[in-house]
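Here you go, one structure.
Naming follows writing order (A, B and C), and every chain is counted from residue 1.
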Amino acid sequence: MSTAVIESVTPAPRRPWRQPRKVALETTILVVASVVFARFLEAATGLAGVLGLYVGFAVALPVLAIVSVVRKGRNATIDRFATSVLVVAFGVVCIPWISVISTVVRNGSRAFYSGYLTTDMLITGVDDPLNTGGLAHALVGSVLVVLIASFIAVPLGIVAAIYIVEVKGRFAGFVRFLTQAMSGVPSIVAGLFVYATIVIFFGGFSAWAGASALVVLMLPTVARTSEEVLKLVSDDLRAASYALGATQARTTFSVVLPTVFSGLITAAVLGVARVAGETAPLLLTTSYFVKTSTNLNEPIATMPIYIFSSLGIGTENSIARAWGGSLVLLAAVLILFLIARIASNRLSRK
Amino acid sequence: MSTETDVPEIRLISGVRKRTDMLFRGAMTVGALASLVILALIAGFLLFRGFQIFADFGLGFLTSSTWDSGDVNDPTTARFGIAAMLVGSVLIATIAVVVAVPFAMSAALFIEYYAPRAVRTVLTSVLDLIAAVPSVIWGIWGYSVLMPDAEGWAKTLHSWLGWFPLFDVPAPIFGRSPFIAGLLLAMMILPIVTSVAREVYGQAPRDHVDAAYALGGTRWGALRTVVIPFGRSGLVGGAMLGLGRALGETVAVFLVLNLVFDVNFKILASAGGNVASLIASRFGEASPYELKGLMAAGLVLFLVTLLVNAAATAVVKRAKVAV
Amino acid sequence: MDQPTSNEPTNVDTGEVVKPVIDAPAAPVEDRTRRRARNLEVGSAKGLEAVGVHAWFGNHHALADVSLHFPENTVTGLIGPSGCGKSTFLRLLNRMHEFIPRSAMAGEVLFEGRDIYGPGVSPTEIRRRIGMVFQKPNPFPAMNIGENVVAGPKLARLRVEDRDALVEECLVRAGLWKEVKDRLDAPAGSLSGGQQQRLCIARSLALRPDVLLLDEPCSALDPGSTLRVEETIVQLSETMTIVIVTHNMQQAARVSDYCAFFLSDGGPGRLIEADLTSNMFSNPSDERTANYVQGRFG
């Protein structure tokens, strides 16, 4: 047999199992047919609106999917049916998300005017026209309360993570269990607890009390994310540090933590995002105040309470204000998430 | 411990740690146990503040449905019981889980096994993001967008299945019902349940999936024979995690539920109960004695969610997924 | 590139001249059509044949220009060091290759004279006709022994006339019946590794495939179990075409009629030599083959 290597021309790679044009065509036909069918169903029955249309679509797609492959045999038919059911179910899952975001943006933008972010409600009634007043007080208050909470919860959370990953102490498993248990504490219970302690002892609602309640909710998020982040540090790095004669404390603070600094930022930001919109505990701890205030010993306005109380008034303009606050809050959470993502991407690139 | 066969004694390697290190380890241990302190304080203070209620009403606090603050000056006229609220909390949370789980399962399978890779990455982030949407926003959306629609669905459900006690109503009012609150909670817990399910399904062993394909199975065949059975316990854990969230949710439920102090299983009726909403709604005008009642209710809620979450954690851990 | 007549391979037992059915590697591209025509004439229509097959993972060219014919009712061993592309080649033969993200291929795989990568061919149908057994035993953990055996027909939604008979037949053919006949309800995980692997073979047999592909089926097994599986393979080859990837030279010598040697010189894996097993081990024509089968590298 010949073994001479003859330089043969390499053929172009192909993927015969993908039939993009055919699949795209089939899918398009299916979807268009389902929409048409859904239109008819909408006209024939009382199911009106976007949701009604989707219900029709949800019924039509699996049915048409079956019809389209039934000649290929039972197995292929069931496969196609299951696929279309999964697609439809996934659509159902996405609809509320799209609806929440689009409604908040649409209704929220009505409340906006040039001074919305810089004016408070001190001289404006909740039902006054939408070109007066604003949520400056709530914004300032939320930032203050969340900042104080972070100053306590972030170090504590990171310490818990260091204890589990670096110190690997006797209670490591127990501490992890506790953090997990803590993440399940209902937010109203956290508020009630702070009310039973700080509010009653110090005689009143305050930013401090609100921040304390948020610490309870923020700590587990920070601890868990930090733990995941610290686990990313390879043991080689620690070994290298120990080999240079460094103590564990020095290794942790000078080698491990700087390596994952951006990851710890992610943990902190996720913790902030988790509590920025918490309403129930603040109802019981900070109460509400219409003036922009930086006095931490008094009741203070926060974004969630601003939304909640505006909604509670129930007039047209106050509800519009509630939507406006929701838009600002949602945007804030979104921005926090983007920051967390960017920070964690920077970490993974290292 | 030395044995007859001349096994040398085991030497434990014990280096003397530096003082700074001992200090460091001690400080971290103390800091890490902060969560223990906080949890203990929560339970302790709620018990401390609410103890009088348990002493005055005993088990009746859990089995009676009357919530009457009585005369402000005469605490003996007050009657507190959270049976209706507790049953309502469980009922609503159950509706939420029952509705959410099939959809979470489908969405997770879709994301993990059908969506193209780029889409999968995006959807995973979107799941995290949606999970962080504040409950007050879900509440305002549920109140003004979901409820009007859901009332219509409730009517349809009632007209078809009204003969069944669960879907019966005493009066044709369909707003602010456990059904609507349950639907809203279902949407709120969907992201967390989906992301747990997605993670377990993603860990289904590749060689078993391959085996199903090699036997001429379709994609659905492989999912049905391998992936779904594999993810069962993880899905249960995720569902219980969702249950824990749903039990403790306050603001969103408060906005779409009519609190009625009567045990009610008619889910379409405009009457329901919820411990967290009870606390939020009575807190503002409560007398000192009623406040103690609320503390006691908070303690019950705390213990119930703690139990559910511990069980969920155990189940999920068995499925080897980091949540 | 014809076989030199002086060196015509003969069947050791019968002395009959064996037709030169194994194609020469690395032939020039312009020759392929002619080669293919000849192969189709030579090979039986029922056999399996790869023609100029390439494989890629993303931009990594993993396998280049393999042409190989697997005659009906024979055992062909694919040998070669790790990373030479033999497992990749095996997975190409029943369309399992395409499950790896960003994979691609070129060339043709002919089964009963038809390209299995051609338009309109159902991959599930192909995988049903060309069974596969994997390196690690992978019985379905959620099913008991009996359910595992009939998992194939169930997945394919084929009607099984007599389930018990099918279970018994497949387990007998896989050489496992005697050991498990009293505990068909036991979970598959309760079997030993070797038994699990034979259960996987039985599971493939339940679909009555024409070809069985085995990907290092004994690498996770102890020597005793390995022998049992090898016996099973030899018995099965009376009625079906078998392709087995193996790292173990003795195993290749024991079970295979033909051998194909794959090697990668840093670039894509290539087929270096293919011949009767006896020739490969006694008188390989390529120096690299000789080095490998004698254990000098790999």
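Operating definition for what follows: contacts are C-beta pairs under 8 Å (C-beta built on N, C-alpha and C of every residue); 3 or more make two chains touch, one makes a residue touch a chain.
Remember, predicted model here, so these are calculated numbers, not experimental data.
Visitor: Compute the centre of every chain as the mean of its C-alpha atoms, then state which one is farthest from the centre of chain B.
Guide: C
Visitor: Is the C-beta contact count larger for A-B or for A-C?
Guide: Answer by contact count: A-B.
Visitor: As a quick test, compute the distance in whole Å between the mean CA positions of chain B and chain C.
Guide: Here the centre of chain C sits 51 Å away from the centre of chain B.
Visitor: If you average the CA atoms of chain A and of chain B, how many Å lie between those two points?
Guide: Inter-chain centre distance comes to 17 Å.
Visitor: Between chain A and chain C, what is the gap in Å from one C-alpha centre to the other?
Guide: Using C-alpha averages as centres, the distance is 50 Å.
Visitor: Touching at least two other chains at once: which residues of chain A meet that condition?
Guide: 75-76, 78
Visitor: Using the touch rule from the top of the page, what residues of chain C touch 2 or more other chains?
Guide: In chain C, residues 124, 156 touch at least two other chains, as defined above.
Visitor: Please list all residues of chain B that touch 2 or more other chains.
Guide: 218, 221
Visitor: Within their complex, state which residues of chain B touch chain A.
Guide: These residues of chain B touch chain A: 18, 20-21, 23-25, 27-29, 31-36, 38-39, 41-42, 45-46, 48-49, 102-104, 106-107, 109-111, 114, 125-126, 128-130, 132-141, 143-146, 149, 187, 190, 194, 218-221, 223-224, 241, 244-245, 247-251, 255, 276, 279-280, 283, 294-295, 298, 301-302, 305-306, 308-310, 312-313, 322.
Visitor: In the complex, go through chain A and note every residue touching chain C.
Guide: Chain A residues touching chain C: 1-6, 8-17, 19, 72, 74-76, 78.
Visitor: Show which residues of chain B lie in contact with chain C when the two form their complex.
Guide: Answer in residue numbers: 117, 205, 207-208, 210-218, 221-222, 225-226, 229-230.
Visitor: What part of chain C is in contact with chain A in the complex they form?
Guide: The touching residues are 1, 3, 24-29, 52, 54, 56, 61, 64-65, 95, 98, 103-107, 117-119, 122-124, 156-157, 272-275, 285-286.
Visitor: Going by the contact rule set out above, which residues of chain C touch chain B in the complex?
Guide: 94, 96, 99, 101, 124-125, 127-128, 131-132, 134, 136, 138-143, 151-152, 154-156, 200, 203-204, 207
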